[in-house]
Amino acid sequence: MATAPNVPHRVAVFREAHFNAAHRLYRPDWSQEQNQAVFGLCNNPNWHGHNYKLIVKVIGPIDPETGYVMDLKVLKDLIAAEVTDRFDHKNLNLDVPDFAGLNPTAENIVVVIYQRLRAALSPSLDLHVRLYETDRNFVEYPAE
Amino acid sequence: MATAPNVPHRVAVFREAHFNAAHRLYRPDWSQEQNQAVFGLCNNPNWHGHNYKLIVKVIGPIDPETGYVMDLKVLKDLIAAEVTDRFDHKNLNLDVPDFAGLNPTAENIVVVIYQRLRAALSPSLDLHVRLYETDRNFVEYPAE
Amino acid sequence: MATAPNVPHRVAVFREAHFNAAHRLYRPDWSQEQNQAVFGLCNNPNWHGHNYKLIVKVIGPIDPETGYVMDLKVLKDLIAAEVTDRFDHKNLNLDVPDFAGLNPTAENIVVVIYQRLRAALSPSLDLHVRLYETDRNFVEYPAE
Amino acid sequence: MATAPNVPHRVAVFREAHFNAAHRLYRPDWSQEQNQAVFGLCNNPNWHGHNYKLIVKVIGPIDPETGYVMDLKVLKDLIAAEVTDRFDHKNLNLDVPDFAGLNPTAENIVVVIYQRLRAALSPSLDLHVRLYETDRNFVEYPAE
Amino acid sequence: MATAPNVPHRVAVFREAHFNAAHRLYRPDWSQEQNQAVFGLCNNPNWHGHNYKLIVKVIGPIDPETGYVMDLKVLKDLIAAEVTDRFDHKNLNLDVPDFAGLNPTAENIVVVIYQRLRAALSPSLDLHVRLYETDRNFVEYPAE
Amino acid sequence: MATAPNVPHRVAVFREAHFNAAHRLYRPDWSQEQNQAVFGLCNNPNWHGHNYKLIVKVIGPIDPETGYVMDLKVLKDLIAAEVTDRFDHKNLNLDVPDFAGLNPTAENIVVVIYQRLRAALSPSLDLHVRLYETDRNFVEYPAE
């Protein structure tokens, strides 16, 4: 492996994952009229749901020993442990403590996912998270 | 338009639509243990949800006047009126009367959608419906 | 190759291709008002256009010599010669003689493509053609 | 569940799966020249590979007890046991006994997969298999 | 909502939209030979067309009241008013004043779209636009 | 073309390409046990393979003469000459000299592709490369 570069290249590696969940957008301290005006259909008191698609991006140097930034199998398992096993087939408002007191908009969900993964990843690695609520609506944090 | 064929060709036209909904798979006449054994994660009492994707296929002769089997704008509006306006951002079990007493599995949903569209379409047109619950799980009725 | 089946299996092989074209839906023997009422936005006299996606399906027995129904490279070249080289970056109404006197609806286009490919393929092979005008609007001929 | 239909509807259920494998198209009883002429780039003696995508379609009546044709979790596990655990990250020619003496063209692979799944599924269920070798080249068996 | 962060997180929100249009690449001050040499098939005097796909990215702080960066329904309506209602089913060269004297390459189109949206959005929000001319050819402005 | 901006806008243009290849992840200076522990299924001595998808991003000013950053036909040909003609239907370890002594992980492949394209492109243009090994696993260099 003599030809590996002396200064490791910094590469971004991405892993896609999925979870299916119910949610409702509303503030308990607002009236139903106010919630309806702001959140519209997303305020259905009986919930609605989505197939969320998650793309996790980790940036770091290529390990000259392995040619990996990190083993994507490890990243896959970490995403499962921190995110999809907790969120999949759940009601985000009722079943997931991260959203107690936090409206589960796509924006808030992506920040929660980032914080969970950030705490579990080596600080030497950079992290970005993209979350698709539908094919046409998605979010990214931190914003680039 | 003299070159249009004398015997109209039969063509299938397809229109894709989407709705996002919450549901729960269970039978109220079964114990929670039995529901859990059969439906697993899909039996979450607090609901979960999906981005459903629908593909409606209509077969008929090309109208020699217009070159259309049917105006896809008409089909789009019909799908909205019969299906997506009723199902989108809803809880299928609680909000949609079609599923009162009917477990909202993908199989049962696709049959309900077929029946709604069948009643609204000209009997001279054939109809098939495909429904994606996720990218990897989908159903079709009638089975071909 | 002794284990190849004695009776060749009939398999469908598919090849996807693309072309980008301009068109206008209208009948020259109709008034502008009538064309507008029936074809709406698609009747823009200055044309509009699409990225058409084509999926060609050929059914036949597996050749026990090669394991192929037909060489997909041959099918690819045939689709280019008969369809995409003639239609790509063209105005279907003005540049493609197949649509002289024939309204280039998706339905009529798919039949024209079928007829071109049918004439070029061995009669022992079955043929079906699917044409996407957009991701959400598509057609198939012959209808199955 | 009194409203379930008296005569169960026949529905098709689909499950998508994936495997990544190496292969080479050639006949050991042919000269290298003949193999090159027929199989071209696919005859590379050092192998090449694909991300194969598999769509399994099972047709049967909706079980009025569950609303399922079959539990897609069961179908997922069956596809893993019969196909993807055996084919994934393998050399189809060297590592998979099904292709001893059988050229691993997409056509032959889809028939092998069909036969494996057919033997494992209830005879009361109909089966079709689609296999993508690339996004633009795919096959289906039995041909419909 | 006591647990919302004190310093709002900056998140990117994305909305996808579509329009179908005809265009021609050429310079009226060049000879047909020069236009053909530079723009090739794209210089067809009878026009050709595309299904353009647009992804609009808006970056800003999460509003602690709503959990939104901005209501995506508002962004959707703004994209329709500023872009897709003006460009869809149009000839970009002839029907859209923005391209009077400006060659409608993907690069120029994406800048025009950016400028329209930039003028309509709050200056406190950052904006990026991606435009797909085909699945394989796309552009982004500002370049990141 | 009087309305083209005085200061050219910097735009990113993207071109997608594909190649299908076999590879094996391992270090010849490690034992088979160590290779298996680190690279798992990817260490199959008989190889496995992928449909690699490549997205090349080039950033530069819009040429006011043409409206192009660069002719995407030129970029397409350059990607073919530098990358896909060399990698497609090949064994990356055995057939491609770039990987002599370099483990063909996605990370190392994307750096090799970047270096090939970087040397062939005008220094005035910025370059980024994204490489999909599967739909769910991909890499980017330089990391942004």
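Note that the chains are named A, B, C, D, E and F in the order they appear, and that numbering of residues resets to 1 at the start of each chain.
We adopt the following convention: contacts are C-beta pairs under 8 Å (C-beta built on N, C-alpha and C of every residue); 3 or more make two chains touch, one makes a residue touch a chain.
Since the structure is predicted, the reported quantities are computational estimates derived from the model, not experimental observations.
Least step count on the touch graph, chain C to chain D: 1. Of the chain pairs listed in E-F, C-D or C-E, the one whose interface repeats that of A-B (more than half of its contact pairs identical by residue number) is C-E. Ranking all chains by how far their C-alpha centres lie from the centre of chain D, first place goes to E. Look at the contact of chain E with chain F and you find different residues on each copy: under half of the numbers used there are shared.
With respect to chain A, maximal separation of chain centres occurs for C (centres as means of Cα atoms).
With each centre defined as the average position of its C-alpha atoms, the distance from chain B to chain E rounds to 33 Å. Averaged Cα coordinates give chain B a centre that lies 27 Å from the centre of chain D. With touch defined as above, residues shared between interfaces to two or more other chains in chain B number as follows: 135, 144. Across the whole structure, chains are in contact as follows: A-B, A-E, A-F, B-C, B-D, C-D, C-E, D-F, E-F.
If you check the complex, the residues on chain E that touch chain C are 18, 20-23, 41-42, 44, 46-51, 88-91, 94-95, 134-135. Put simply, chain E touches chain F in their complex at residues 25, 27, 29, 38-40, 100-108, 110-111, 135-144. Chain E makes touch with chain A in their complex at residues 1-5, 9-17, 57, 59, 62, 65-69, 71-73, 126, 144.
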